[in-house]
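Residue numbering begins at 1 within each chain, and the chains themselves are lettered A, B, C and D in the order written.
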Amino acid sequence: MSMNSFGHLFRVTTWGESHGPALGATVDGCPPGVPVDESMLQHWLDKRRPGQNKNMTQRNEPDAVKILSGVFEGQTTGTSIQLMIENTDQRSKDYGDISETFRPGHADITYWQKYGIRDYRGGGRSSARETAARVAAGGIAREAIKALAPGVAIKGYMTAMGALDIDRSKFDWDAVDQNQFWIPQGPDIAQEWEDYLQTIRKEHNSVGAIVEVVARGVPAGLGAPVYGKLDTDLSAAMMSINAVKGVEIGEGMNAARLMGTDNADEITMGSDGPEYSSNHAGGILGGISTGQDLVVRFAVKPTSSILSPRKSIRKDGTPIEVVTKGRHDPCVGIRAVPVGEAMMACVILDHLLLHRGQVGENRGKIG
Amino acid sequence: MSMNSFGHLFRVTTWGESHGPALGATVDGCPPGVPVDESMLQHWLDKRRPGQNKNMTQRNEPDAVKILSGVFEGQTTGTSIQLMIENTDQRSKDYGDISETFRPGHADITYWQKYGIRDYRGGGRSSARETAARVAAGGIAREAIKALAPGVAIKGYMTAMGALDIDRSKFDWDAVDQNQFWIPQGPDIAQEWEDYLQTIRKEHNSVGAIVEVVARGVPAGLGAPVYGKLDTDLSAAMMSINAVKGVEIGEGMNAARLMGTDNADEITMGSDGPEYSSNHAGGILGGISTGQDLVVRFAVKPTSSILSPRKSIRKDGTPIEVVTKGRHDPCVGIRAVPVGEAMMACVILDHLLLHRGQVGENRGKIG
Amino acid sequence: MSMNSFGHLFRVTTWGESHGPALGATVDGCPPGVPVDESMLQHWLDKRRPGQNKNMTQRNEPDAVKILSGVFEGQTTGTSIQLMIENTDQRSKDYGDISETFRPGHADITYWQKYGIRDYRGGGRSSARETAARVAAGGIAREAIKALAPGVAIKGYMTAMGALDIDRSKFDWDAVDQNQFWIPQGPDIAQEWEDYLQTIRKEHNSVGAIVEVVARGVPAGLGAPVYGKLDTDLSAAMMSINAVKGVEIGEGMNAARLMGTDNADEITMGSDGPEYSSNHAGGILGGISTGQDLVVRFAVKPTSSILSPRKSIRKDGTPIEVVTKGRHDPCVGIRAVPVGEAMMACVILDHLLLHRGQVGENRGKIG
Amino acid sequence: MSMNSFGHLFRVTTWGESHGPALGATVDGCPPGVPVDESMLQHWLDKRRPGQNKNMTQRNEPDAVKILSGVFEGQTTGTSIQLMIENTDQRSKDYGDISETFRPGHADITYWQKYGIRDYRGGGRSSARETAARVAAGGIAREAIKALAPGVAIKGYMTAMGALDIDRSKFDWDAVDQNQFWIPQGPDIAQEWEDYLQTIRKEHNSVGAIVEVVARGVPAGLGAPVYGKLDTDLSAAMMSINAVKGVEIGEGMNAARLMGTDNADEITMGSDGPEYSSNHAGGILGGISTGQDLVVRFAVKPTSSILSPRKSIRKDGTPIEVVTKGRHDPCVGIRAVPVGEAMMACVILDHLLLHRGQVGENRGKIG
């Protein structure tokens, strides 16, 4: 049991603090023979990297990942892979004044109450910087998935930010990588989102968001009842991301509003197997994948670090007004997109491996 | 690793099918010296028991739990506890006609695709009947919590069913046990809910629901970053319940709509420690409890077993219209309430034990 | 994490006390489609069953196993299997006088010191009766191994008992099932062993033994460095058996006495793959199987329950002379043989499943 | 589940290969507030370090450990600790000629058969160099034990090497650190051991050894039946060390030779609690510590890398005579001593934490 690990067979353990010398992930259980190099992982880290535009924190980290073990001559060896990212832009002085103070909405107070000691610099272990290690591990998972289930495609995007929602009638899968918000919408809408966010930022405020992650081409049969369900593992994976307060599969919370007649995804026989009239289930029935798109959504709360003063207390119990300076994202949901993708990749790989281990070739045929 | 287990130190493994001879739970890691007897557990099982009124399935199961191990002379011994519930009212013939058919919205098709064999009687392992074992295990957890953290109170209730929502201005904690829907509302509102549900039932339909589970009196400091977070474990626990499609902590999905200035739970110093101006966080910051109420919500989809015909296929791929006879709940959300409570109890006990193991007496003091 | 469980993918959790209503095992991770029925498991339980001859305790237990879940129409379904054995011959009165006393060599004192409560009847959870559940689970493992790796044959036998050793020059694999000691020797030697043990028994004494378990036909490549090594898991499995004080792989403790030139198992190329000049390694190199025979040995201490008085104390610290009446084996090593076989079967199945999950088809070819 | 991890609550995951850029350990579950710095860990690493005298490999590694996370201002924070040791003296060319060859007694062949790819340089992941990471983690464990159970003292020493045994009548606990063999004997005997080993080395041979590790002052009550027994975990921990072929607790394999009357450790009441007439049990009854000395022994096979030619095959199946050049220990048992100590420390800390988590203050009193 490890509190810093997730996954069953593909098991990722992360380590490191926001302002320590480095952070990283120990990745265990990756099959051997998967082609991996640092540039493949860097691609995904660059997507999450801070400082790329004014919608992000201006902290300037190259987030260069080094592979220290488990890869030999460009291939995984089946042994534990160590991924390390060194911290370079650590302005600890930005954080010195919070050593005795609890920032509202942050884990400062709970880490102190739990442990009696905390690395307060930039939130220490509770910083979202930890998610860089997840993205690196997710890069490994993506390469391994290519080898095991080549048809899988994973994509994350924002569907809401504060008062804004995407227009699903204009949904454009290919547009996601074309804008700074990872929204599946054209440039006009992206501009509206930017204007909206900059207004919030200038008001010394922040805003929440909803991220949706979809996996296409996932084979039927992944997931293991009743506590290793695919949706159980996905919800834990997403909820473990900093600032996430809700997770939905398929219809999500809205399922509460539906009648049974509406919610049924009716089944017909297609040329390649079962087909469904709809996907309220989000691709999962009884914890096991149906072969439809896996659809997961999660809500990210607004960044707690804002320039507007908020009431709090010091360690000694005296009152203080906290204004969080430093370099912060006005909407952490944006950078949560590649993190959600990475978690999706890790969970899918894990269940591909589990399925191979526990089930083998006797899967039920239909038709 | 076990796919039928959850929990770290307090670990519950369930077994059994809907129409097998029995089902139950192996409960490992309960501290010794906790007073437990069968009647204590039966109290909670009776709350979940089918056949109690016309809002429920008319299957008539006594759900009598037997303790087969781990309890001696009325106290837990610290060794593994076996809880067994025998199935008595197994009308398997109700299910014979589904052996070759996949009911829409059920796990029939995915179990078949995964395993190539399934106990089709009543859904077999995928039946919500499995949750009886969780409720029994939750009863153990409740007694152990009393010994370790006497102030904890756990209560679940419905907050929405289809088009209906509770009126939070009339919230009545004590009314929850006074009506068949476990709603925190007076008898007039309960009557409206009943009329609404009976209409749906008579229309051969079903409806979804939202369940909220609150734990009061949970000490600060429970939860273990970054993948054993209290909210991570709670969301996995709730998502593992049959038919659940979404899980929220505190503000939940609505956090996406808030500004940072609104979402901040401001902190002041009270006579007993820190106090918060609000509880958007649902009692958890950075995965660790703040000492505020823990607030978890989950959405239950409408019962898939309905008398209205729905299109599906047989194993051989031929089309069929499925009308699910048998005895089914028109809103499974009702009986999910005691299950949600049980999962909350298990997770809290688990983290109380973890906290004792890993942290000890050096918790940070405030003030 | 569960203290009553072992295995990674094939995970067995046992429960039950010597004199409770029943004991059993929850078996998780068995692949679907394995033909299993109660009589298959009973075969192995009968081998371990007490009361069969005068070399065993005269407790008379049918040890009839019931399958309560996870098997449907004669095949495993891939879901958790519950195996239950009811206790029938519980003469608790034999044990009433030990409720306040600690028997030397037993866990009475340590359970009390750890838990502050113990089911003293027949040792409660610490009784070797728990191993009946392992044997039942091992029966499942054997059937699954047949499906996955048909060539595997597992056999256990005694190699020493007190002053006696088997004569390896007369080793007879087929004779093992022909005598009461499970020794690979002819009837004359078996008679000598019986005379020796009866003398010890009549002297109100007991004696230790060495058990060797061999698995033939295990494919190369099982085992997972560096803490899930095949030998690591085997040693843990054997050491967890009651009364075991030492475990050896291949050359075992004697490896300390060898020179490197002697210990090398030289490799040549045979028609079916690599062949070895010897098997000092016991079939394992670097934690991974070589394809040679797996050879594990373990030492079982003499039964602590003897009729000869031994000094001890009561709970209140006062001295007492303990004479353990009741019905006890003069050499528990005999009945440890089927237990050792069961543990070997469980570990091999577990690693067959792991290997499938983590490695797949890209195993290295030789020649 | 992770194949590169051990421990329940104190969980160590190692990574790295013999000739990669670095190796290390991710240490999870260390309590907060434990004073730790790099020099404390370096002390133990120096004890294991190669190149210190002619009884060791002449590879010259500083084995300097860096703490990359989990320690802040000299204290552990309760979050995951990353320990990294960079490899500096990597003469990979020594190993180039083994890329196509399987060295007898090494894991070359099994890694190849399992994975189809291996980092052949110095054995890659299968190299005993991995144990440096264990020793570093063990250093953390030692400091945490000081905080939780200050009276514990752990010491390892050799008791046999080839034909030599220590003379237990001259046992000298304090002499262990005074000689190059970590033997509890005076300088004369140490000189005999050196002469013996140098003769073997000059004959291009190697030799096995027995290491005993003792922990004094361990409180009664550690260990968790029935698969998390203290002896089960200790045997797995020791068996996971490279080249170990047997593990004994207390009387060990010799228990097979004893009568029940001899093996009983009789109990009397002393001023500080129960006292025992002997320690055949090695400090463990029923998997739980008695408060006596914990005594574990393990056998290390002779170094497989020797200058004497041995028959083997190449990947293509052709025969070859292997002479292993490079820089190798003539008796790897010597450097296994600090590794055994480290594993003992990790297991004891783990069970101290478990005991706190699962049992609390209701331990049984005696007298």
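Convention: a residue touches a chain if its C-beta (ideal position, glycine included) is under 8 Å from a C-beta of that chain, and two chains touch if they have at least 3 such contacts.
Protein names from UniProt, one per chain: A, B, C, D = Chorismate synthase.
This one's a predicted model, so the numbers in the text were calculated from it and none came from an experiment.
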Touching both chain A (Chorismate synthase) and chain C (Chorismate synthase) we find B, D
Rounded to the nearest Å, the gap between Cα centres of chain B (Chorismate synthase) and chain D (Chorismate synthase) is 45
Averaging C-alpha coordinates per chain, one finds the centres of chain B (Chorismate synthase) and chain C (Chorismate synthase) separated by a number of Å equal to 39
Between the Cα centroids of chain A (Chorismate synthase) and chain B (Chorismate synthase) the separation in whole angstrom comes to 26
Listed in rising order, chain D (Chorismate synthase) residues that touch 2 or more other chains are 1-5, 8-9, 14, 29, 32-33, 78-79, 114-118, 125, 225, 354, 358-359, 362
Contact graph of the chains (line, ring, star, complete, other): complete
The answer for chain A (Chorismate synthase) against chain D (Chorismate synthase) in the complex is residues 1-5, 8-9, 11, 13-17, 20-24, 26, 28-29, 32-33, 66, 68-70, 72, 75-82, 84, 114-119, 124-125
Within their complex, chain C (Chorismate synthase) touches chain D (Chorismate synthase) through residues 1-6, 8-9, 14, 102, 104-107, 109-118, 125-126, 130, 160-163, 200, 205-210, 220-229, 231-233, 235-236, 239-240, 242, 245-269, 274, 277, 280-282, 284-291, 297, 299-304, 306, 308, 310-313, 315-319, 333, 354-355, 358-359, 362-367
Contacts from chain D (Chorismate synthase) onto chain B (Chorismate synthase) in the complex sit at residues 1, 9, 29, 31-33, 78-79, 148, 225, 353-354, 356-360, 362
